[in-house]
Amino acid sequence: MPYVNIKVTQEGGPNGTGPSSEEKAQLIAGVTQLLQDVLGKNPATTFVVIDEVPLDNWGMQGQQVTQIRAKQS
Amino acid sequence: MPYVNIKVTQEGGPNGTGPSSEEKAQLIAGVTQLLQDVLGKNPATTFVVIDEVPLDNWGMQGQQVTQIRAKQS
Amino acid sequence: MPYVNIKVTQEGGPNGTGPSSEEKAQLIAGVTQLLQDVLGKNPATTFVVIDEVPLDNWGMQGQQVTQIRAKQS
Amino acid sequence: MPYVNIKVTQEGGPNGTGPSSEEKAQLIAGVTQLLQDVLGKNPATTFVVIDEVPLDNWGMQGQQVTQIRAKQS
Amino acid sequence: MPYVNIKVTQEGGPNGTGPSSEEKAQLIAGVTQLLQDVLGKNPATTFVVIDEVPLDNWGMQGQQVTQIRAKQS
Amino acid sequence: MPYVNIKVTQEGGPNGTGPSSEEKAQLIAGVTQLLQDVLGKNPATTFVVIDEVPLDNWGMQGQQVTQIRAKQS
């Protein structure tokens, strides 16, 4: 009965859209399959929760991702 | 000084409303009482955080809850 | 399909024991019942995970709980 | 490679704005610096995620923060 | 820069060992690959944290997994 | 009433010791001060929880930190 939490940035600017519904479906199917393959876990009781985090709220290198992206472009 | 995090789906479709404010108040009161009854924890320093997760972002059985609900209806 | 995470201190000193197995069973039963009563959630797919945190690793008032307890006693 | 999650209330009423982008930048810079100062952690691989929680979804003293604030004012 | 948290039960009884080091390596490699395949995420900044939860601390169906397993055997 | 969770690796090999009690006290004091300075949060109701993660259970670059460290040395 695994529980998996995936946090990704919500791309496309501060109000941007995150991953599409189809991409989220692929993440859920893929990680559930992985847990079945590696540990024999039952998909019926594998939970996956995806959190989409605004770029302003995610920090790396001591900076907001908003700032990191602005420098990259 | 317990910390409790409750994650529930945001029902009513992809843009649906989750639990009502009154229901959230009942969850907070109930789990705080439970921790006082079972472990003697002080309600003044018991934190409860409720996360409402969109149906597209919650997976079970390797599928999005959106898909599971569509098949059930 | 709620997911609940309960974090409590591991009482009895730095190497102390946390809540007993019986107390953890009561927390699991109680919070599962609460989610059924308030939101109609199915117990079969309600997950509860309890984390026991060493007193040295939990801070409040800018101090470790170990220090707070030492001053109280 | 630390991972830090900061949860704060989204102030200004149920639909209020949370911390400003500038304040979030300060939190990210400050906690990344702290981990470098205390544990020698590399800022390049220090992640910080800030969650802003609606007042209705945060409980303390067995009540929603919405209720606590209403009594204080 | 995704962050993934995988929680699994620590099998083999209350003091049992959880997944082997090799299995954990497979989970880390697999979920990092999945995020690269589906969302184009850079493995260099994909973090994965695995938590192994004692059977007494995981609840489902309103019961500890310890109790569920005892009835199954 | 912020809640902060800091996850760091438990250094010193698979069974190594993590940060010292003194270092954890500094992390707790520092992050509590930061939240007071930036957002005016009350230290009395600021919670900090530190999780020490075994090197085998933390992945980056698609590998366990145990493997990354072995290559570095």
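The chains carry the letters A, B, C, D, E and F, assigned in the order they are written, with residues numbered from 1 in each.
We adopt the following convention: a residue touches a chain if its C-beta (ideal position, glycine included) is under 8 Å from a C-beta of that chain, and two chains touch if they have at least 3 such contacts.
The structure displayed is predicted, hence computed values, not measured ones.
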**Request:** Please determine the option from A-E, A-C or C-F whose contacts repeat those of E-F, over half of the contact pairs being identical by residue number.
**Result:** C-F
**Prompt:** If you tally contacting C-beta pairs, which pair wins, A-B or D-E?
**Reply:** A-B
**Asked** Using mean CA coordinates as chain centres, what's the subunit A-subunit D distance in Å?
**Response** 20
**Item:** Whole-Å separation of chain centres (CA-atom averages), subunit D against subunit F
**Value:** 16
**Prompt:** Mind pulling the subunit F residues that touch 2 or more other chains?
**Reply:** 1, 3, 7, 27, 31, 45, 47, 49, 58, 60
**Item:** Of subunit A, residues touching subunit B in the complex
**Value:** 21, 24-25, 27-29, 31-33, 43-52
**Complete:** Touching subunit A in the complex, subunit E uses residues 1-9, 19, 23, 26-27, 30-31, 34-35, 37-39, 41, 45, 58, 60, 65
**Asked** Inside the complex, what are the residues of subunit A that reach subunit C?
**Response** 1, 3, 45, 47, 49
**Request:** Please name which positions on subunit A make contact with subunit D in the complex.
**Result:** 7, 14, 53, 56-64, 66-67
